[in-house]
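One chain, chain A, links the two complexes that follow: it is found with chain B in the first and with chain C in the second.
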Partner chain A sequence: MIALLILLIPLLGGLVSFMIGDHKKWVGPVFLLAAGLQFLLVLLALTSWDQPELHRFSAAWMSDVGSSFSLSLDPLGKVLCLLNAVVYFLLALYLQGRSMQKPGAFYGWLLLAQAGMMGVFLATDGLLFYFCWELALIPMYFLSSIWGGPRRIAVTFKFFIYTFLGSILLLAGLIYLQSLTPEKSFALDAILKLNLTNTQQSWLLWLILPAFAIKLPLFPFHTWQPDAYEEAPTPVTLVLSAVMVKMGILGLLRWLLPILPVAAYQWGDVIMGLAVGGIVYASLIAWRQDDLKRLVAYSSIAHIGLMGAAAFAGNLGSLQGLCFQLFAHGINIMGMWFLVDLIERNLGTRKIADLGGLAQRSPGLTLFMVIIAFANIALPLTNGFVGEFLMFTGLLATKSNYYWVFTVVAGSGIILSAVYMLGMIRSVFFGEGPSQPLPPVKLSVQEQLVLLIVVGLIFVFGLFPQPLLDVTASYSDNLFKQIDISYLFKNF
Partner chain B sequence: MQDIFQLAYWIPLLPLLGSLLNGLGRRYMSRSMAGWIGSLSVLGSFVLSVLVFLHVKSGHSEVIHYFDFIKVGTLTIPFSFQLDALSSLFLLIITGVGFLIHVYSTAYMHEEDPDQFARYFSYLNLFVFSMLLLVLGSNYVILFIGWEGVGLCSYLLIGYWFKNPAYTAAANKAFIMNRIGDLAFLVALFWIITKSGVVGFQDFFSFVQQHQFTERFTATDITVITLLFFIGATGKSAQLPLYTWLPDAMAGPTPVSALIHAATMVTAGIYLIARSNFLYSLAPHTLHLISWVGLLTALLAASIALAQNDIKKVLAYSTVSQLGFMFLALGTGAYAAAVFHVMTHAFFKALLFLGSGSVIHAMGGEQDIRKMGGLSTKLRITYFTFLIGCIAIAGIPPFSGFFSKDAILLSVFLHSPLQYGLALFAALLTAFYMFRLLFLTFAGQFRGTEEQKHHLHESPWAMTLPLLVLAVLSVIGGWVGIPEVLLPNAEPLIQFLSPVIPVVPHAVSHETEYILMATSTVLVLLMVLAAWWRYRHYQPGVSTSPFTRLLENKWYVDEIYDKLIVQPLSWMAAWLRSVAEAKVIDGFVNGVGRAVQYSARQLRFVQSGQVGLYVLLMVLSMAVMLFIQFFIRK
Partner chain C sequence: MNALLVSALWGVIMMFSGVAIKRMNVVRYVAMAGVAILIGLNVAEMKGWHLLAIDTTGMLAFDHYALLFNSTLLLAVFIYLVLSGSAMERIGAHCADYLALLFFIICGLLMVSAFESLLILFLGIEIITIPLYILTGSDKKNLKSNEASLKYFLLGAFSSGILLMGIALIYGARGSFALSGVADTIRVSNSLMLSGMLLLLIAMSFKVSAAPFHFWTPDVYDGAPTVFTSFMATVVKVAVFAAFVRLFDRSFALQINAWQAWVAALAALTLFMGNITAVFQQSVKRMLSYSSIAQAGFMLLAVFAMNTTAKEGLLLYAATYSLATIGIFAVLIRMKDYSFEAFNGLASRYPWVAAALTIFFLSLAGIPLTGGFLAKFYMIKAALEQSVWLVLFSLVMAAVSVFYYFRVIQAMYFKPVGQTDPITFDPGFTRLLIGVAVLLIVLGLFPQLLIGQLYF
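Presenting the complex of A and B:
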């Protein structure tokens, strides 16, 4: 029941938001109310209502094609739903009182996107998964192409076509899988029972992987992303990078790896190679960006590259690290986007060359930036460290012959992240600044509150990561057993 | 007394609280309030550290478990502290020297605005917290937390005057070069976890003991881990090839240079290896490499120090050189001697840096020793204490540096006569450049401006008092390690450290030891004389030889790194951005996109434009749905 409610609240909230679109006074509070309710519900689902029977829901839906409306809140879903709820709640708080064009439609689409993402996180039916995957994508198209920057039309179109192509392939793969099951069912459980041959697995891998690789995005499927992040309005970019990319990781963890473990192992070297290569590639490009949004976009590609590699490293350390990082990365990059948004709205530019010396007149903003940047660099005692540490541990322990190459190449991202992040801080915040001094960035109470919460989450989960790790411990253990290649080969 | 260990968590906690108070309340703090909070919190830690030290000295040691930081599968990383001989000795150095430097800072930084003053103390306290965490941690992960924490504070304090682009560049350089070492540290740590599944020092050492040179833990594993940890140490402790950040780090306020970049943080690498001495003793190849890297660093840095004219730069290269001596000691297996030198070096190098700060203070910010001279009459306390520091670092008995350096030289002598010769040469260079510095600064005629001359004054008590205390320590600090030949049944430091660092008795006759001591002492005295002869009446503008220019320009190492590494990387990044990314990958994607669009235009039945295409796609997907509905059912 809870699973259904998690889906319904943003859906209804979105519809209400569309309907009251003319009453500009009300749309903000409605958004906050929906996001707040959602947040409360997810918190309750993780604590006092933590009973399996409450976390499942199933109803008839397109039964003639073997699809049902089945949702389940498993540990991975818990982490992602929590992230989704936290991000939307803080975003709603942050956006209160913001004036914009057609706010009703803006918040409406945002909430529909949340519903779609929740559906992706909860669905245990292939077709429903695909349906929600598209449902999350369409609002993003409208949000970017209506409220975006000057190049929005071309960029959004590219984004849409690119991800849509991936989705079509994904659908084809899912249909093929359904046709193989004896009962012609889209249910994840039925698909997992299939005994796929190595050749089938390989084919299916390359059908399904692009959808996830594009969404993440994984090098070299990433070129839509910096453009899309740059042109989308920053709140939308925030949702895209903090939550939506996690759909790709979820796709890998819940669908691709357990269904196609042998192919994932066979192609693991190639995929991990691309992923860790992408870390260095994206980090170097991030270093040479002159636009804050593009810099954060490329840094995000680098971070995601490590997460992709960790998924295919496929051992307990990497999986637990990845599950933790899903949450931590969302929080940190959210903080980053808040700061970019504050700079752009207050100073009218996000070109690094036009900025400088902000520390003199905006010490508060500087402090937040330094903390969030170091969380992105994964300094210990911030939440960024725990996930990366465990993922690296897993990467070195992976069963590939290139284990240490992957670790060292990916590890150079540790150095490069410091290069571009500190380089950015130096040019934007330190120094004398432009000859015409920039005005101070004044933080409103709610902006301070939101940033304080972000910083609080960074330190709390950095110092006490275990509660979150405990949530996914059993899940990672199961997944590890499902995909552990030495165990699988014993059964052949 | 038993319960003093239970209070150990207050040792790092007090400075952390001080840091938070000063940092968050910086707008409401007066200078004296911020100074008091900063200094007293470290004083509190010092008192506790003394009690812990005494308790350890009476034969106790303990691992105190607080909570499990990370638990994944069978891997458990506890948040726990290890209180034993090695950590308690470092506690004393960090909090003791740290407290003196906090007191000194209250006067030195007095021209800062109150909120900046509080920011400074917040960073300084945060540093002490991180450094204490580093030495208290009972496993490699907690050590690494502290390791990164001190790196962060170093970054923040080097770039403390953030308006100056050169300073913030130095801060970035320090952090990034340290990160190179950190990567090696991390890979070593992952290697340990992969092989042994534990991270605690004690757990890991007993694992090694059990499985050394077997399938589960081969000689290669040992070599890889020890090498990687050493590379990590070269970053933090400024050794070849990662030392160039340390001289640049002098951009920070002088007390910071004294505390972080001389007395404490840069010795973290030595701590790491001394802590892992059990492992290193199994890796002779690594040890051999360490001894050579340390020796070459000591020589290179000493040669550069000969020709530097910035008072802080001389001291910075001297620090690099002295750290090289410590690594040389580690490389010859004399772990205790290295730790001994860490301690005495903390005293006299902190003294020298603070003394230079007092000079800079009196000279109104001037750091060029060519424009100083004759300061001994005006800055009597500074001069007197600086002189003591110079004698101590040069290694003249019975000052502290003599005993620690003698212990190192003896060990090197037993290890390899060639290395001994080179090390002795480096020690002689030390004496020469230090006394050059002393004579240029304090002897001869004043060479600054009239205005500077008029303003010359001794510093306030908050600065001179720490100088005096450190001067006393620089004299007597070495007496805890007087070798047996001079004082039978002595060397209490080595005895004290023996639970962590096993004592290796060395077979060497007393005559040899006497000869070694006498040789080095006589030669050092000769070097002091030579420096006096050359620099007592120094006049600037003497023509410099090409070799001196080479030394002045630091062997052009920075330029070489820039040409060989930084610039190619920068070019590559620019190329990746403008060619590989924009033209190749995105070009391909856009090409495909255009082809699709072209064919779509041929097929279009609806309106032109983006919305039309979007609808087309919707229709397409609906068609796919219908396809499922109708065909698969059969």
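Presenting the complex of A and C:
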């Protein structure tokens, strides 16, 4: 029942927001109310209402084609729903009082996107998963195309075409899986019971993987991403990079690895190679960026590359680290985008060359930036460290023959991330700066509050990661048994 | 049978109503009433109520599938008349005659979805196309309309000749016109039979504008008055598809190995030509004619797969494709300029019309939550059991289709209002358009509402 409510609140909130679009005074509070309710509900679902029977919902739907409307809040879903709710709640706080064109439609689309993403995180039916997967995309298309930067239409369209192509291949894969099940059902449980041959698994892997790889994005499917991140309005970029990319990881963890474990192992070297290669590639490009948004976009490709590699490394450490990092990366990159947005709105530019010497006039902003950047680099004490450390131990312990290559290459990515992050901080906050000193960046109370919460989350989960790790422990263990190749062959 | 009889009768009524009634909108209401009666009679027949007991000597069989298909078609015609009927008055002074011809076409449509004999198939197709030649050329003073009519007539007559030749060869091989007689299991296929079948395949491909027999389509659709293009591209096309499936399902199921590869090639080529050419169009009307070719490619997957899912899917496809295209044409008819730029900024002036149009285009592109998605889903599901490659190709082509459908959405929402003549949509029209859009979403969420009717 809770699972259904989690889906319905943003859906209804979005529709209400569209309807009251003319009353500009009310749309902001309605957005906050919907996001706040959602946050409360998810918190309750994780704590006092933590009973499995509350977390499931199933209703008859297109039974002719073997699909049902079934949702379930499993540990992975818990982490992602929490992330989604936290991000939207903080975003709603941050955006209060912001004036923009057609705010009703803007918040409405944002909430519909949240509903779509929640659906992806909760669905345990293949067709429902696909429905929500596409429905999360459509709001993003309108958000970026209407409120974005000068090149928004072409860039967003490229993004749309890319993801659409990926997802219809995913659809073909899902239909194929459905046709193989004896009861012709799209249910995840039925699909997991299939005994697929190696050839079938390989085929299906390359049908299903592109959808997730494009969403992440994994090198070389990433070309839409820097442009789309740059041109989308920053709140939308925030949602895209903090929450929406997690749809891809979830897809890998729930709809690819346990279904196609043998193919994932067979092709693991190739995919991990691409992923870690992408880390270095994106980091090098990020280093040379002159635009703050593009820099963060490329740094996001690098971080996601590590997560992709960890998914295919397929051992307990990497999976636990990945589950943790799903949450941590969302928080950290959200903080980054808040700061980029503040700089752009207050100073009117995000070109690194035009910025400089911000530290003297805006010490508060500088402090926040340094902490959040450290979390992004994954320094100890921050939440980023826990996830990346676990993923590295996992990568080192992977069964691939090239484990040391992957680890070394991915490790150099971490070093590079320090290089470009610190380089950016040096030239934006400490450098010479333009001849005309820039005005100070004044943070409003709510902006300070939001940033404080972000920093608080960074340290809380950096120092006490165990509660979150406990949530996913049984899940990772279970998944590990499903995908571990030695375990699989023992059962043969 | 009920609807077939009354549709012919109502055509005659329409002819005389032009003389008796001077006000054209009243004539239109008579036509709408006629279609409503046809729907009622057809639904009544599904429940087992017959107007007259007629022995067709096995030439026609209104089975459940045919009746449901006809009901869907008639509903689409009704929506078409309500949304776009008024545009007929602007073409010329003979509105009542156009409506009479429309009813004769309906008569043909009802025949081709229920034929049991090759003769009835030929008869039905001729009853459909001959009035269409006239309607295509109904804008008498317009050169393009005349050209389209002539082109359509020449190529239509040519393909009818091929159809007749095929029927003759098959009669030579089997000694029967009945579908069950053609599907004789005892006698093996001989060259006479196979060549007849190939000719029928070519003729039907002509009629549904499958590549490489599609060259007449863009010119005819573009030249015909838009209100009739809307009718031809939707209701007529899907009805001929129903005939296509019925013919090959009933008569040539045993020879599936002989024709399936050809249909696969036709489908692939149609998808390719339709989608790729549509991307480069500058006029929305022309884009929609190529889109109708592209959608025909998807519907050919039903002929290719020829299983239960395919037949269910074709029904859904017919409904969703017709509704969406009729809705888009209804808006297009009210515009003076058919270029993509004419849609610029429509969303800021008419948000509801733009929202409905967006749903129509999303449905044609096959985005979930719309009926168009499920229609494509059924087609893919049906064809996947037979050929993975064809399905993958059609999916890539579905992605290509996003290019041209979304151009209109981009113009409506993301471009500033242009310098074009102001368009007006009255509130009643807007509400109807939204109603059709809602219907598409309902079909996208609960396809059983339509498909479930098959099994009552």
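Quick note on the criterion: the second predicted complex is superposed on the first by the 492 of 492 C-alpha atoms of A that agree within 3 Å, B and C clash if a C-alpha of one lies under 4 Å from a C-alpha of the other, contacts with A are read in each partner's own complex, and residues count from 1 in each chain.
The working rule: a residue touches a chain if its C-beta (ideal position, glycine included) is under 8 Å from a C-beta of that chain, and two chains touch if they have at least 3 such contacts.
Note that the structure is predicted; figures quoted are calculated from it, not measured.
By the touch criterion stated above, A:Arg152 is placed in contact with chain C alone, chain B being left untouched. In the superposed model, A:Phe429 lies in contact with chain B only, and not with chain C. Legend: residue contacts after superposition of the two complexes on their common chain; A:Tyr88 is shown touching neither chain B nor chain C. Touched residues of chain A, counted separately for chain B and chain C, are more numerous for B.
Contacts of A:Val408 after superposition on the shared chain: chain B is touched, whereas chain C is not. In the superposition on chain A, A:Phe57 contacts neither chain B nor chain C. By the document's definition of touching, of the two partners only chain C reaches A:Tyr176; chain B does not. When the two complexes are overlaid on their common chain A, residue A:Asp477 makes contact with chain B while staying clear of chain C.
Of the two partner chains placed by superposition, only chain C is touched by A:Leu135; chain B is not.
Legend: residue contacts after superposition of the two complexes on their common chain; A:Tyr265 is shown touching neither chain B nor chain C. In the three-chain superposition model, chain A touches both chain B and chain C at residues 62, 64-65, 134, 145, 153, 157, 160-161, 164, 168, 171, 175, 178-179. Chain A makes touch with chain B in their complex at residues 62, 64-65, 127, 134, 141, 145, 153, 157-158, 160-162, 164, 168, 171, 175, 178-179, 184, 220, 223-224, 281, 284-285, 287-289, 316-317, 320-321, 357, 359-360, 363, 374, 379-381, 386, 389-390, 392-393, 395-397, 404, 407-408, 411-412, 414-415, 418-419, 422-423, 426, 429-432, 464-466, 469, 473, 477. Against chain A, in their complex, chain B makes its touches with residues 67-73, 75, 115, 141, 144-145, 148-149, 152, 155, 159, 162-165, 168-169, 171-172, 175-176, 179-180, 182-183, 186-187, 190-191, 193-194, 569-570, 572-574, 576-577, 580-581, 585-586, 589-590, 593, 596, 610, 613-614, 617, 621, 624, 628-629, 632-633. Within the complex formed with chain A, the chain C residues making contact are 312, 362, 366-369, 373-374, 377-378, 380-381, 384-385, 388, 391-392, 395-396, 398-399, 402-403, 406, 410, 413-414, 446-448, 451-452. Against chain C, the residues of chain A that register as touching in their complex are 62-65, 130-131, 134-135, 138, 142, 145-146, 152-153, 157, 160-161, 164-165, 168-169, 171-172, 175-176, 178-179.
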